[in-house]
Amino acid sequence: MKTVNILVEALPYIKKFHRKKIMIKYGGHAMIDEAAMDSTARDTVLLKYVGMEPVVVHGGGPEISRAMNKMGKEPKFIEGLRVTDEETMEIVKMVLVGKINTSIVSKICYHGGRAIGLSGKDSNLLLARKRAPHVVRDDETGERREIDLGLVGEIESVDPGIINMLTDNNYIPVISPIGVDRDANTLNLNADTVAGEVAAGIGAEKLIVLTDVPGILEDPSDPDTLIRRISVDELSDLVKSGIVEGGMLPKTLTCIQAINDGVSSAHIIDGRVEHSLLLEIFTKKGIGTMITE
Amino acid sequence: MKTVNILVEALPYIKKFHRKKIMIKYGGHAMIDEAAMDSTARDTVLLKYVGMEPVVVHGGGPEISRAMNKMGKEPKFIEGLRVTDEETMEIVKMVLVGKINTSIVSKICYHGGRAIGLSGKDSNLLLARKRAPHVVRDDETGERREIDLGLVGEIESVDPGIINMLTDNNYIPVISPIGVDRDANTLNLNADTVAGEVAAGIGAEKLIVLTDVPGILEDPSDPDTLIRRISVDELSDLVKSGIVEGGMLPKTLTCIQAINDGVSSAHIIDGRVEHSLLLEIFTKKGIGTMITE
Amino acid sequence: MKTVNILVEALPYIKKFHRKKIMIKYGGHAMIDEAAMDSTARDTVLLKYVGMEPVVVHGGGPEISRAMNKMGKEPKFIEGLRVTDEETMEIVKMVLVGKINTSIVSKICYHGGRAIGLSGKDSNLLLARKRAPHVVRDDETGERREIDLGLVGEIESVDPGIINMLTDNNYIPVISPIGVDRDANTLNLNADTVAGEVAAGIGAEKLIVLTDVPGILEDPSDPDTLIRRISVDELSDLVKSGIVEGGMLPKTLTCIQAINDGVSSAHIIDGRVEHSLLLEIFTKKGIGTMITE
Amino acid sequence: MKTVNILVEALPYIKKFHRKKIMIKYGGHAMIDEAAMDSTARDTVLLKYVGMEPVVVHGGGPEISRAMNKMGKEPKFIEGLRVTDEETMEIVKMVLVGKINTSIVSKICYHGGRAIGLSGKDSNLLLARKRAPHVVRDDETGERREIDLGLVGEIESVDPGIINMLTDNNYIPVISPIGVDRDANTLNLNADTVAGEVAAGIGAEKLIVLTDVPGILEDPSDPDTLIRRISVDELSDLVKSGIVEGGMLPKTLTCIQAINDGVSSAHIIDGRVEHSLLLEIFTKKGIGTMITE
Amino acid sequence: MKTVNILVEALPYIKKFHRKKIMIKYGGHAMIDEAAMDSTARDTVLLKYVGMEPVVVHGGGPEISRAMNKMGKEPKFIEGLRVTDEETMEIVKMVLVGKINTSIVSKICYHGGRAIGLSGKDSNLLLARKRAPHVVRDDETGERREIDLGLVGEIESVDPGIINMLTDNNYIPVISPIGVDRDANTLNLNADTVAGEVAAGIGAEKLIVLTDVPGILEDPSDPDTLIRRISVDELSDLVKSGIVEGGMLPKTLTCIQAINDGVSSAHIIDGRVEHSLLLEIFTKKGIGTMITE
Amino acid sequence: MKTVNILVEALPYIKKFHRKKIMIKYGGHAMIDEAAMDSTARDTVLLKYVGMEPVVVHGGGPEISRAMNKMGKEPKFIEGLRVTDEETMEIVKMVLVGKINTSIVSKICYHGGRAIGLSGKDSNLLLARKRAPHVVRDDETGERREIDLGLVGEIESVDPGIINMLTDNNYIPVISPIGVDRDANTLNLNADTVAGEVAAGIGAEKLIVLTDVPGILEDPSDPDTLIRRISVDELSDLVKSGIVEGGMLPKTLTCIQAINDGVSSAHIIDGRVEHSLLLEIFTKKGIGTMITE
């Protein structure tokens, strides 16, 4: 009986998001823990079957560093951005496209979804350009120095054609955050940014970012201060006030940008909690932070 | 959390019946009690939203008799079949099409479905012919006598065209058991039979008959003897042995016929139990009797 | 030979109205007299077969009153509008949807058309709201009194989707003037108004109102004063001058509104004359009053 | 009033032949007399507008001979077949395609149809091969002699693609009886035969041959002996008995062949009678000879 | 090996003009010399097969005069325009539509293309009106005199529907420069003008005019002064300066008009050079004069 | 001029293979040498632009071994088959899908094609099962021993759906030879076999295998003994006679199988020769060995 009452309670959400595109950023825990990835994949398939159009973007930082270490190459970061030489780029591509993407595709197919793996190189899906060199200020001398991050890119344009063709034909696209420039060079992209830009490019209803924290916290040290719902304006103020920081800052900026680009709502939720995706979509209270216009 | 676990448990059923037609016969309690009708309509809409294609056939016997009484006309039955003269036929039409069908359509629309009412007269959906006179044997004299039941019909053919067009365009057809013969005469049809024949005609996956009893009982006087699952062959044996009787007999025969005509499973369930429709479809054990090949 | 000359004479009209929607309001005589209804149905089918897209709206006032009397309920009117309590509404629905609509559908199907009955409740085709209470001035005291007419509605919006789907698939929609409000209540609508609003909503080329009089008369007491053709401006002047009155007034206002909403021409013709529908469409002179911009 | 009664009488035929292809062979009088051609074109357009799919094949013998004479070239026939050298073929093409076909197309367009002229050379519509030499027996010596008729062809295959595309898009194809062989040589074809073969190739419902006689006569010298309706079997017997002769013989054989190839009925009618086409299709009795299986 | 290098060199052009419409005006040599026509037809088919959409317009002046002479009728020109009485018009039609068009269609089909012949009369493709009388000034007296050229027309409008339908379905339309006025009269049109107007009407990428000269020459007497590439503005200046003259003037004006109407480039090339069509499209330097915005 | 003659010579092949699927197995040299891969990609795009539907399958053995060595893992082969433990499988996936596939996709896109990378895991494109253990006979003792090759699979079924959707929408699918079993395990597949099975599964016209040898040689040590054209029967005889051996044997068997499964022709050609793909398709003599029924 409970089964059925709950289905009935879910009906309004099923109706509301019928045929709407839901962009899901797989990240953190959901990428490492086999069981978590399994559960997330199953939830993604369920969204498809109850009539939504899930599109997946995944990250994979830790896995890349692990592979680099294994190949005797030391990962190097500057202010959170991976310095990416040719050899590193090759490893990034192999891990993201060859390992993580195929695993996610496999999990989704196993649970009955028809997943297709893509990277930004497929039919130039994610056209990018090399980022301008990073400017670093020497704390002591105060001098400003340019550091070239190598093959790190920023998105110029997203081509929604292939994604729309796939969702229209009942496939679930799974996208690796790899871009291509006009000279066919591969560029390393930030996965959160890719999720946000693709969400905007395909007119997604929702952008859901799976992380390893409960959501945006008023006091990052206290999980009990989770913000359940916040407007972009309020959130922008929080950002300005310096409360949002660390890894949460880029995710937050991505969400703000996505809302400004027409996505109806953005969600930052805890991917470690089982079925957090469904809890966020199918319950009124949700489980993480929901950002709306 | 429970919410979500249950959604996840429902996934296999959602997948299995994706884009499949589910014929639902509304009857008994579900036709009388406002709240029950409401609940059944909501459940029907949910089936649509999770990807199935519900088609509804409704009955309405008690309501017809009530209306006849109100108009000073006494209902008359011979062995369970309503003797239907011209005037009765007019009342039957008004009650089924004008009252019950519009109420169901209204309920379904209210809960977010796009219902369209139909009767067998619409584009000659249910082509029928007058039944042969009923033969009655006088228990005392042993004489056999023919009794003309009047405008009572049996289905000659079902035209699935309009129903398929509606389901393909996301509408939910709601059908009154009224037939039309080649001379445009209206004929009174048995609602269970209509449900079975239409289910077969449109290639439905399931036929679900909502009744006022728990299902088929091994001992009709003992609700604890509910048969959960039975094959047509076993059920035919039960019928021959005389265990299935009364109002359950024609429903049972309809189910057997539907299975023989290619419907994958037929279900007789208790419409009085809230959400019985969902319980039957989305739980392994179900709630009533499931008949399969 | 005559046969053929006449077909040839009809050709310009057939060409002109090819694939155009023709809204026909069945009323008066055409609703009572079996032979007249038969003839009107046949003519409607002919329009379909020579390439037009007929859509039918029907009325049914006298029939409703007859049914009410039969059920021991006295019809009550205030300034021509039926006071509609819950019980009356139920009878209205049963008569319009269950009796008249199914009869028209049957007639059209019998003559080879593929008619589908609809009411405003089907997929919320006619969304309506309760009319404001009627204000009556007491002739003696001069006092103004509000009278609630009950479940009498006015149209808020028409959803052309289902009608277009039906005409595109070669069906002939037959619509009962029943509306639904946002709370799923049924509302009694004026059939002429429904015909006009639906004509505008579906972009009909013509609105043809079948009545029991020859058309609009300059002198209502003299049938020889029939106005053959008149512009909306001239007709509005006639209305202001008080020459159009009685039952003709609302029909006239409906026609004026329809023209203003983009319908190319509106026609008020005598449904008692055999084949008046065809005479009006296929002859230069026509048979009733044609109103154009 | 008559107008309308006649339209109503035509309805069954309009219904019966809805969306059916009607192959019309223009010939004889209809090709010479301007008024007759005009009338035939108008009738053809009417068929289109009442829902049929007319396809026209035309002949043009007398016109060709006239043009040859004008160019100082003497027409030569052997047993009714035109001996066709290169120069003659050129004239045949110019007259049929450049003169007669464009005139018919023009007439049909003028009356509101969307005609497109074709010859068998367009996209190899009529693939043909050179006929075997004609064998003539010398009446005196009894010797058999082969006579090469030159560029006279017989149809190998009809490609219905272009015709179906045109009728599906509301065009009326008008076809000149010119064929093409595998080496791109132009071949002179018999127009009746082309009409019959194309009728079969496109699955026409009717083949209507317009001639200068009332139809098939039991006694060719007595117009009162017109056969109104005859089966292929009976007609084959007539042919064997030698009653059908002269120019009527090949037309008759074409009709028999067309029926055997699946055309439902073939008609030989008098093109000189105004609107004979409509009289044959829209009246029960018809005007000429109707041949059926 | 050369084969393949050349294919590879052609690739950029194949890509650039993929699915683009290429209007080709067949004229001069290409219309007279059998081998040249053959070669041009083969090249046209190749364009189709490598993904372009060729549309052909042909002329036929010399052939018409030849036919007139043969029929004992003397061709008459006033300032390069053929005086066209009824009889001449008939001959023009027969030669253009019946002879030249069918020959081109035949050649294209022989080389594997699916050509369909059209004239401006087909479905009123080229709606035209009679040209105003030509005004001639008497060199001696200085008097101005009007001369009626007879059935010579100028284009009012082009209906791209039938052409688009044909190219969309992989056919190659071949168009004779014959127009039709609103009264169904046939009018003689200038073939270059037709090519230009149709090119604009169907949104062609290129207009290629095949002539008997190398292109536009700076010094018409010196073939070495060929202008390879010129803008419309520069070309307009050349025209004003009187350098472009004779038969080249109308062709030049047509090209300027086409560019102004949105055609991307116009080409005047030498049809006598084998494969000039391909040389112009597939080589950087081209072979004739290319006019661009 | 040469340019154009060659295009014209290529026309018959362009026509013959219009809209036909051409399966190309990239291998050997074409996978290692950057310039060769570039040239092959450009040729593949050219095939697309001249109307064929290329589908690519690639191998990558040497690259995998290189990557394994780099990661300190020694490649192990048994009779030419790579022994594939979990860790090896991971490396295989990363190299094939993440490195080689993305490089090919990139090259094709750079030359103007719309490539999409796929592996057999995408939507379960290549359903496979683990191969039975390899049986090895000890040469000395004659004993037979089973050796488990690990995650090496053989194809159970190919799902042509996603490939057809991509080619129909003008994409070029590029497939990595990775399979998936019913439990979502990844299996290492032989690339030649995948090419053959997919060719059969999608109804390809041609299977072209790019290798590092000129083709099948009668005397493997003498390149002058190249067999230009051979039937499957003759080739089967060669195989039986032991002349075909080494790496050529499995390629040969794949080709034979593909022909038997309905592919019209199979080609083994030298990928080291520039534009060998085009030379084989567009010249009569070809460059390698062509196998036909």
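Letters are used for the chains, namely A, B, C, D, E and F, taken in the order the chains are written, and counting of residues starts over at 1 for each.
In the analysis below, a contact is a pair of C-beta atoms (placed from the backbone, for glycine too) under 8 Å apart; a residue touches a chain by one contact, two chains touch by 3 or more.
On a predicted model such as this, the values are computed, not experimentally measured, just so you know.
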(message) Under the document's definition of touching, what chains do chain C and chain D have as common neighbours?
(response) none
(message) Along the graph of touching chains, what's the shortest path length in steps from chain B to chain E?
(response) 3
(message) So, comparing C-alpha centroids, which chain is the farthest one from chain A?
(response) D
(request) Could you tell me which of A-B, D-E or B-C has an interface matching C-D, in the sense that over half of the contact pairs are shared by residue number? (result) A-B
(message) Based only on mean CA positions, could you tell me how far chain A sits from chain F in angstrom?
(response) 35
(request) Find the geometric centre of each of chain A and chain C from their Cα atoms only, then give the gap between the two centres in Å, rounded to an integer. (result) 57
(request) Would you please write down the residue numbers of chain A that are in contact with two or more other chains? (result) none
(request) Report the topology of the inter-chain touch graph, choosing from line, ring, star, complete and other. (result) ring
(request) Provide the residue numbers of chain D that touch chain E in the complex, in ascending order. (result) 70-71, 90, 93-99, 101-102, 105-107, 109-110, 114-119, 121-124, 162, 165, 169, 171, 178, 180, 183-184, 186
(message) Please output the residues of chain F touching chain E within their complex, sorted ascending.
(response) 1-11, 14-15, 18, 42-43, 45-46, 49-51, 111-112, 274-275, 278-279, 282-283
